[in-house]
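Order of writing sets the labels: A, B, C and D. Residues in every chain begin at 1.
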């Protein structure tokens, strides 16, 4: 009987198919909640490889289950949606859809999870237990995972022992990176509408100026990170948008601010939300505003906080398989909704990253200190992982990590 | 031979016609530069009354000239355009045009100047000299007067000895108000575009945040009026609009501010424009902005500064005719382009106001301190002068003021 | 019988004495509430000239009363105190007292009022009625006039029909300047103490930073003049002092701001005081301050608002006597406590200014636009009125103004 | 031959003496650069125990050298100075000096290093190599370590292989805490003097207001931490002091800010210093300041960045000796000048902390979330480590750590 890791020796048999699938997927990106073609392609393959397949979970979500005797149940997740960005990579397999692009690498995630599913399916002698392959829609809008849960995911799948997910990021292709504890921030958007009393620009004394009020709020919001949060506690508060008035000589009635915050503990998150409200109210009072401000929290993403034991187990497996290419991952200020699923199911999880940059280009950029200026990052119209060894590494990472629970005698 | 003031005893002969004309004009408002119907109605009447008429001056402007022997030349000006405001007065003769309204009272100005022209035409025995009746388009956009000048106004009319204009404002109908020296402010709009370097909201350290920069500029602009202008020198600086970004989690590349300033001397105007530029540059520097801000001045209105001698002469004539209804006018923070014409022609001028509010309502509002809360002002969708005695007063004011130059033996 | 104005022909008989007295007074300045020597010199002379003299009124105040038959009672006031400033004029009669100087010209006021008293005393045939010569201490500290009132002034003097005062200011010596209505601002100082919670500078998250709070209050206070007060209404708000903390790395517990405001109507004054409080409270709330701020108003000076009829009567008398040297006075942003007396007594008043600058130097500075850079103003260590025609003009102004009530047949 | 760790079994023989010495030292605190008595007590003991003793190094510094055959050279450092704080602990052995107190625990450091020196001296059979016991003055003022270096320290001692230091902090007594990499921040103070142009508070238009300028700088400085530093990079910028003006109605000529910053990389430190300068200059420009601001950096403390290998070696030794009482140390925002010595000598170093709080009180405070409100921290007038097991633990920690280099066969 082959070992779980031995499965990977067979990667060459699927390489060409996987690459063709990936190119096709990259060329046909679909926006959040519209992943119809992608889901079809995924479901068809899973069925062909013997998975029990559930489609339309949470809209366009697909779940494949492969039961292979007693043992642990491992959930692996890939997200499927693309972004409303026009591709500018010039790739031969660039997006054929106007202003839609796989600019966040979800096509890599789908291709790798499919590859791992295929290898596990064709080497059932090498492991035992149950594999759940979860293809999630709408990660970019933050509601895809919740959508699958709301649609009854818990009743469809056996309860996992562990949940795994990965993301391709700038970094040398071929490397895998893990981190225990907080790894992705929680994120919340906040809309503040402050009220003045409009009037003619030449008679400010008859008005309450909401432009000045909004500006003072923007200024004061800077004090939250600068003064209220411990220096060793990462936190971000960005005012991404400010809008008030339309003419130079009319003082408007209101101003609207759109904020985004990133935190790594629920305590800090609550503190910052409370401070935002306190500041909006205090400044409105100081302006003599005729009405309390409206404060609305939206587009919330959960904290991704990797389980210590699970991450250690994956890191050990990665170190054995990838050697020096298994690296520590830095804390990211990005956010994800993956953790909604294990959190709802009460399952420990870990989330790692894989590099997607040409290793030589990466090494040069690190050497020259030009990583941020020369390496296109996720959400850039120029973001394009090198196909290999990215696909092989992402496929192997899933098999190796799952193997830490599924290899005979691994419990 | 009747006296000039005696002309006004004949007002009753034109009252009904003038009121009908006014109601029709109010019902058919036309936006700036589109005063075609209005101009036609005006030109037809002027011709009928014996004026030499020039049409299409500066687009839709109309000039009527009535020569009546030796003597002074008096230019009287009315503006013709309406505003993009939907009327809400409920008047029987309310606007029939969607979202267009004579909300600034220019229909009163036109009706009064036509009335004065008619009376002067039919009582040529009572005065001598030349009357120039100038019907100007596009006062609201600030370019109507300049348009007439650019179109050769100076070559069409004899050089005036004096230029006169009036405006209906909240105040007891029946009153006329004069003021020597500055009476309306100059006005300028300024667009400031400041540059940051955009990026993801979770990575502010890789960006230069133009939202924070714009907010700090708004805050600092308050110091110009508060600290740099003498307390006894009226000045206003309003930021009517601020716009930056469209999403909470994307730091945008730039922010745009639209400012409006009002001043009463050219020195203060230049000081404030220089301070605005200094602040925009200093704050951009303090933010580490990658590019100098762009600063564009637009929609400039000139200072209206009444000639001392001319105003005194009109005030004496008003006092004789209107008695206690001739009052001092307060300094206004509004702006006008009327003075462009006399300034270009090198002619002294005065600009007065007439009340348009029901006298009892006005007296009550003054008594109760509720003028600003109960009396609709110009540019309000509820602004509607009482027809009389407003039209009679505005007509008489023009005849009386002109008479100060045209009455036999007045020089 | 000579006319009142005719009295002034006799000025030459007192000129030398007055100048000697002035030089001596200038050389011996006394601080507020310490005007002992000055009061003695004044009282001795008044007695010699037949005045009923009251000394020690409100500390060092002196009141002289000269009754001269039926007629109006005219109160004239001069202030006596000097400033804690070291004289740098280099005058032959410069201050002999270290760091004390008549830098505000009160010595001129005293000398002129004494001169007028002497002339009126020696020409009792030329007028009838009662003269009250009031020499007030402690104008600079704002409490001298109230001190005299509190000490029973109303019971000592007959009720005046009018109260008069004057001040020497930069301007051509020989000129007198009047203004109806508000002429000097009211003034108030405000101390704001805001509370934070101190701590180590490296742990801001455990503190509430009062330095940031105080800075934001300073910034926001600029919006009162810039946005809340009508542009045509003069008003000033200065933060003259800010103090918080003593070490770079200790976040202090509190910060103290000292404000000064100048207004010309009681309504504006109350509005600004309310806005200051609203802002201090709103900003403290926005900072999460552990305690409400303390707000203390101190050093209040009243508004000096000249009576219209009284000022017109004085202006007519000045025009007759001084001709082209009688000028309109500009609104001043300085403050005075003179009006406390007539306000308490229910008496109409006027307050005028006289020029103290060499007329040629003044004309040149006006021509060159260098008034502010070359002419030392009151409170400068270089302030020194030219002795003549300043003393003669100030003396004449008092006699002429008083004469408008005291000349036979003037009522 | 006993093992190094075995030395510690003999601690009981020195306990009473050490405690008596500590009580005496606590009762006789000495300010920075004035540690005369302390140095005498230390030097006398070191000599008695066979050390080669150098006194007066860098003022009051003491160096003891104990050579014990071939082997590594280990430098151990204790700081000796107290703080200008009045003790409020009520301890029987409280400070006998007015307003001076060992409020930072340096007395613990001295007692423990002396204890370790004594034990190592009396058990020379258990180790080999050289021990350098360095008693440093003036840590609180940041110049004690540099003073010893400037006074020739390098020529007095053999070059160490490793340098060790420790600090007592709030935490359960009995615990020792280590951390590789940055452990204490670098610190810099910055004095900014900004220039306005003073004048009377009622005439702001003739001035440049430095109070408003300083306030706007304080406000804008908040954006450095909030926007310019990566969220995962700890950094602090505090404005501990702001001072301008002395009277409410005088606009002063200048304002002075005192800042303190804490950083954990030299790159961040340089970035922040550059940003401070950029902001001070940009805001001065925006205010129209007549002169560039002055910016002075003072009281700089170096970054304390523990060597990875050295810290790992100490942590392993601690784990063996202290078991579960060996814990990871959190990143501190405090600063120290200890690292000046090893940095100058080119020696790797580590700096650890020991707990000084009664373990039960600590456990309760952690449980209740009241650590910050109930446990007095360093620099508090209530700071008082429990004597034991603090002294024993600090003594043992030094012996154990040194033993990692000095135990036979340890290299």
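The rule is simple: contacts are C-beta pairs under 8 Å (C-beta built on N, C-alpha and C of every residue); 3 or more make two chains touch, one makes a residue touch a chain.
A quick map from chain label to UniProt name: A, B, C, D = Peptidase.
None of the values given here were measured: they were computed from a predicted structure.
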item	value
Pair sharing more residue contacts (C-beta pairs) when A-D is set against C-D	C-D
Remotest chain, chain D (Peptidase) as reference, centres from CA atoms	B
Length of the line joining the C-alpha centres of chain A (Peptidase) and chain D (Peptidase), rounded to whole Å	42
Computed distance of Cα centres, chain C (Peptidase) from chain A (Peptidase), in Å	71
Between chain C (Peptidase) and chain D (Peptidase), centroid-to-centroid distance (C-alpha), Å	58
Interface hub residues of chain B (Peptidase), defined as touching at least two other chains	202-204, 209, 212, 216, 219, 222-223, 226-227, 231, 236, 262, 333
Sites on chain B (Peptidase) touched by chain A (Peptidase) in the complex	185, 187, 189-191, 200-204, 206, 209, 211-212, 214-216, 218-219, 222, 236, 238-252, 255, 258-260, 262, 299, 333-335, 372, 379
Chain C (Peptidase) contact footprint on chain A (Peptidase) (complex, rising order)	202-205, 207, 209, 212, 216, 219-220, 223, 226-231, 233, 275, 278-279, 281-288
Contact set on chain B (Peptidase) toward chain C (Peptidase) in their complex	219, 222-227, 231-232, 234-237, 262, 330-331, 333
